[in-house]
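The next part holds the structures, each set out as structure tokens.
Two complexes, one shared chain (chain A), two partners (chain B, chain C).
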Partner chain A sequence: MSSVGASWMRAPYPALVVDAAGAVVEANTRAAVLFPRATRGAWLEDVAPRWLTEAHRRAVADGTDSLGHVGGEHGEWSLEAYPTTGSDGHVVWWLVDDTDRLLAERALRSEQERTAFLADASSRLLASLNTERCMEVTVELAAEYLADAAVLVAPATGKRHPLATGTGGRVTHHSLRIDPAMVPGLAEALQGFPPVPSRWIDPAALPGWAVPEGFAGPVGSVVVTPLPGHGVSAGALILLRRSDQAVFDASEEVFARVFAARAGAALSAARLYGEQTGITATLMAELLPPALRQVHGVEFAGGYRASKDSERVGGDFYDVHPGAGTDQETLAVLGDVCGKGLEAAVLTGKIRNTLHALLPLAGDHGHLLRLLNGALLTSRHTRFATLVLASVRRRGSATHLRLTSAGHPAPLIVRNDGTVELADTSGTLIGALPEVRSSTTHLTLRPGETCLLYTDGVTEAHGGPLGDTMFGESRLRAALAECAGMPAEAVVERVQMLVSQWLDDNRHDDIAVMAITAARTAHLTAVDGHTAGRYTA
Partner chain B sequence: MTTMHHDDSFDLTTVRDEAGDPRIGIVGALDWDTADDLTRTASACLGADPAPRRLSLDCARLTLCDSLGLASLLMIQRRAAEVGTLLRLLNRPPSLQRILEITGTSDVLAANGAETGELTPPEPDRATTGAPLPPPQT
Partner chain C sequence: MTRSTTATDGRPALRRARRDLWRAVCDRDEHAARQAVFTCLDTGTGAEAVLLDVIAAVQRKVGTEWAADRFTVAQEHAATAIHDRVIAAMAHHVPPPEPRPGAGTVTVACVDGEWHALPARILNEVLRHRGYGTEFLGAQVPTPHLIAHLHQTAPDALALSSSIATRLPDAHTAITAAQAIGVPVLAGGGAFGADGRYARLLGADAWAPDARAAAAVLDARLPRPRTGAVRQTLEDLPHLADQEYTLVWRSKRQLVKNTLGGLETRLPAMRAYSEEQRERTAEDVAHIVDFLAAALYTDDAGLFTGFLTWTGDILQARGVPARVLDPGLALLGEELKDFPRAADFLARGRATLDDRSATPPSPTPSLDT
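The block that comes next holds the complex of A and B.
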């Protein structure tokens, strides 16, 4: 039988000739390697896989043209088989070994799945800046895609380690005193050292806390991988697989590290954010404007509306330092610090503390401002503050004010007849120039009259019908004219309401106002013989 | 109905004036985002060896100057004084002029340099000339 020649025997692809009955006629050298028992006369069904035998039957019955090609597994190979019609009703099966291609396709698919998982993981991890939520997501993802259970060990806070454990879609948080040395590689991972290979970790030696509640079955294999943060470790991740699952292979360990790098970055960002908001909250609490009240027959009322950029600690401030007695002046301060954020907050705190210490020198505003300026001057920057000082003392029905502006919009005075006056004071801003000058004005308020201190957040509020006009001093004066005779609280509320309406939803700077009003119905708060009847208007 | 569109672009152009001294043209808003740019650009001019005789900032196309913008101008003024350079703020728009007046800096940041400051001479100290305290009521 020589339906094929000698060169055919040496063809680089396996070929098999089978007769119509299903008996092997001939196999070339390559085919003999694939099917060692396919000698002449052997039945195809005895030597070849079932899918090929069945394809042969169909090829004989329907013709090779209608069949096209078939494919299937044979031992460790993956084959494609193309039939052609030979002489005497024989079918020649041309076989192509596509094992490598299939492996490559499988690897590609798994890479694509991993990439998709990482993309999904990143977006879920970065969705929250809350540390606990971030730990939860990490454990959830790890337990779902990488292992049967996951335990996240965060760096110790004090003597305890925050832990998040997850298995079967459930995540729990713990705070435990643990000894990281109990899990091989954990202490190292918490310090950011590379992970130890999974095969070095004995699953049976794991401490109880490292196996989440509800983990079904004994632990078969363990991976411990560090969660690298920004410069410092964000913790470590322990992955567990049950003994009935495949152990972690090298590529899975590498992939776990890739995932851990993303989780670590997200956790670290969440932790930094948490620390930052903590600092900001502490500073904010220190810088919040005080509640104001009536002092020695004078009403003080303040209003503060922080800029909408809420993460930025504001730059406006006010304070009232009551005089020790009725014959002592009360010092009110309202100011605006250049810039925003922590630097502005620190400068604000410095100004308020320095002013408090300089209170005994408030008798001379110019002198006090020069001292304050000297305390704030620094070669590093020219961040400055503008402020207004108001020293207030009531004598009978007359309330005397000394007002000094240090580079700040001058206060406005509301008289009982509705006229609004601009306080005649001006001066240099504080904290940027070696020399400062200022001029102080003296004025008197009758009961019911108000002096309004404000920051430029009021006059520079952008809004109005088209949203692009500044509120401006003239609108403020018109508003104040309608506040004649009102108590301090009401004046502040009225101004704040009008500015809010003007702003609508526009972005705005910090807005601070303080009203100093000579009380109409002052009661005797101190009776010592000298001061009796002093406040009866 | 039309709405006003603010042009957000900011630009600094440094040229030499007729005397060969640097002149920085400021276009746009001088604020939180841009003030550092101006400080850097001006400091680079002042850092030349020898330092220029004078440095001019052309404010003709300055649209806004907030507190950080003013801090930048004060920093430039400080550095200019250190190296003996005369700082001039040319073509000041009314809004800038107003900020300088309220903050008491118009004599330091003058149109023709700190020495002349003819636009706003320092005001007399009213603390000494102001009205005396009204007599206490009894």
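The block that comes next holds the complex of A and C.
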């Protein structure tokens, strides 16, 4: 050893010489720092970790350098040890301190886990646009990965706060009148102020509602973190750990905030979606085709399919205004506004409203159409419309119809013997010209007979088995011939089904169908139940 | 046309009600139909038994009668409409209870393109009578509507009904989309197979052969699926990577056109067909291609041969031998000779038709067996 001399002693890496029996021969300066008790003659197993002692035993038995390096921990260090065997049976252990690498690897692993968690959390959070479900997922994730339990406090609706609490994989919803000031940092978090450090929150002072049912053991540490929404707070998240678990450290608090930001964005989107759907539903209610029913011994049934499957309204429309009494006419209308989609639907709403207001004048279809035409011409819409008016009244077994078409395909009449007739009515479309003309036809339905009103979406449906044929009026007539004596709903369903099958996946226009059928049954039980037995077939 | 294995309840009150309802449906007498059902309810039979052992049983018979060519399509529609109205009237006569607190909420819907709403409607009523909070979305619900609805209401389960196997790809889309937003799916109806095999294949959370079994599944509570990314089609059905389904589906019209042309060359009788007869034949070929596509989608030759057996029965009931289908299958086989799976299914289909010419058609069950 003396030949190596002082330079060996000052080598930048720790080195340790151990003899075949396992006693320390010499340790250089660096090694002495690592193993302060490794003086000459000390047993290696008394001064060094077990993994090194065992590696030494193997190296001695092997007698060559072929063993390769070993590694392990020693106190706060992580070391790699490379043996070289001398002729005298001594082994020199060259040690490399790789503590930093180990720490870096640990940090990387934890960062990878967090990234994976965040990616998973994001996809789970963004999947649902339902606020309650979104709260549930947030609490589930938080209680599983960040804490032992989690409580999500949403902004108050009225005087109550919606709450989702979760622990052990179970999430429950509550709606409670709570005072956010009871939990330090909660009121601030709900108002969007920066979070209060965890160490300021006394777990013992938490109110009962902030600790989920089924939480095992006393609360050891608490984090309250805001859920930042789009412009407003989406609520706050309370994370709880049991007293037997480590308290939240600074990096965990930061990570909780990163998670909360994602949850807040998802919750905010869900809330916005919920509000928008609510608004849409309210506005849409006026535009959706109404549910039809039997009125004074006459069945009305309608079917509607918008041109786009993602929409529920379009430029076709129908309506039925029941007569005030059995001796009053019921007015049915079906029409088609030029154009598709929501804009067209808005105009159908106006036409329906105007027609409703003009109802007392329905005794003269021509007059009613002229008034409607005037109203459309003066409105800011430049679109025009075609429609059919049907005034219906049943007397005994005869159902009388007055039908007027304004530029619309004439209705088809299905007789009980299977013949299909075209109603003899025609007229100009409305909303385009200052003057409109129309001719009204009168006809009578026997019980079981149907008058079918439809829009050109039916006849102009492109498809068929070869994909390039129009459904056309003759196919519609053939289909209707098979519908003799069928109830109104069945006729509508049959026509809709055939057209849908004809279309398959092809693009199509709005499709509206209405059947007016003289009820067949002798004892008619109208929905109101007062008119049973009044009409006899 | 939904076939069910449910045994028919033989209690006298139910037998009488079935007989009366059947007669009323044949006469298209809504009043008598209502009377038959109300009498049964008023003499102490529960709403569930009336729905399942009277109305559903008679509706099954309607399907059987149609298949045997003893009922026209119009009669079938009329019968369904009467049943629909009777069910609506029942809800006034014996109102279902208010939803039980904690009983769970279920959305009941038919797959896009599915027109047979009655089985789903009956399930909906059964669940209401059992105290569930339900929402019935009706026939042919476009999947975007369905999912928008599920986002708003977040029910505890979606009961999805489909009777025709050609709708299975749409059903798959609906199932994976609902699950991705955390709504478990209970599948039911003839489309999913008599043993529910296609429900499992498409990853539905559960399957039930009838309304009672469906209620039992829901009573036991379906766990919520994990929300997240929508499962890709290939994850459930790796065989779709061969593109056969996509290509057959996309070239459907051309296939029909070519097959029709081939038939005209081979069968001189066809040249004398009227335009309408030609169209019917084209529809039949299109139907075969639809089922072939569904078989490719599920990678199940049995779906295709089962359809041919069923069609053979329907044809036979109308005095047409099933072998009329063979030339069409042969021509399709030539068109699709480069598609191993499709060619195999078509060959097996032809073999099935061959076999059946030796065996008599399966007997039709009657109402009171």
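The rule is short, and it goes like this: the second predicted complex is superposed on the first by the 282 of 537 C-alpha atoms of A that agree within 3 Å, B and C clash if a C-alpha of one lies under 4 Å from a C-alpha of the other, contacts with A are read in each partner's own complex, and residues count from 1 in each chain.
We adopt the following convention: contacts are C-beta pairs under 8 Å (C-beta built on N, C-alpha and C of every residue); 3 or more make two chains touch, one makes a residue touch a chain.
Since the model is a prediction, treat every value here as computed from it, not as a measurement.
Chemist: Have a look at where A:H381 lands relative to chain B and chain C in the superposition and call it first, second, both or neither.
Modeler: First partner only.
Chemist: Is A:R124 in contact with chain B, with chain C, with both, or with neither (first, second, both, neither)?
Modeler: second
Chemist: After superposition on the shared chain, which partner residues are touched by A:T440: those of chain B (first), chain C (second), both, or neither?
Modeler: A:T440: touches chain B, not chain C.
Chemist: A:Y273 contacts which: chain B (first), chain C (second), both, neither?
Modeler: A:Y273 contacts chain C only, not chain B.
Chemist: Examine A:Q112 and indicate which partner it touches, taking first as chain B and second as chain C; both and neither are also allowed.
Modeler: Touch partners of A:Q112: none, neither chain B nor chain C.
Chemist: After superposition on the shared chain, which partner residues are touched by A:G339: those of chain B (first), chain C (second), both, or neither?
Modeler: In the superposed model, A:G339 contacts chain B only, not chain C.
Chemist: One more residue to check, A:G467. First (chain B), second (chain C), both or neither?
Modeler: both
Chemist: Which chain A residues are contacted by chain C in one complex and by chain B in the other?
Modeler: Common to the two interfaces on chain A: residues 466-468.
Chemist: Within their complex, state which residues of chain A touch chain B.
Modeler: Answer in residue numbers: 315, 336, 338-340, 364-366, 381-384, 386, 395-398, 400, 404, 406-409, 424-429, 432-433, 436-442, 444, 466-468.
Chemist: Going by the contact rule at the top, pick out the chain C residues touching chain A in the complex.
Modeler: 28-31, 34, 72-74, 77-78, 80-82, 84-85, 89, 112-113, 115, 139-140, 142, 144-145, 148, 150-154, 180-182, 226-229, 252-253, 256-257, 260, 279, 282-283, 285-286
Chemist: Across the complex, what residues on chain A touch chain C?
Modeler: Per the stated touch rule, the residues are 120, 123-125, 127-130, 132-133, 137, 273-274, 277, 309-310, 312, 464-468, 482-487, 489-491, 493-494, 497, 500, 520-523, 525.
Chemist: Given the complex with chain A, which residues does chain B contribute to the contact?
Modeler: So the residues of chain B in touch with chain A come to 1, 3-4, 32, 67-68, 70-72, 74-75, 78, 101-105, 108, 122-127, 130-134, 136-138.
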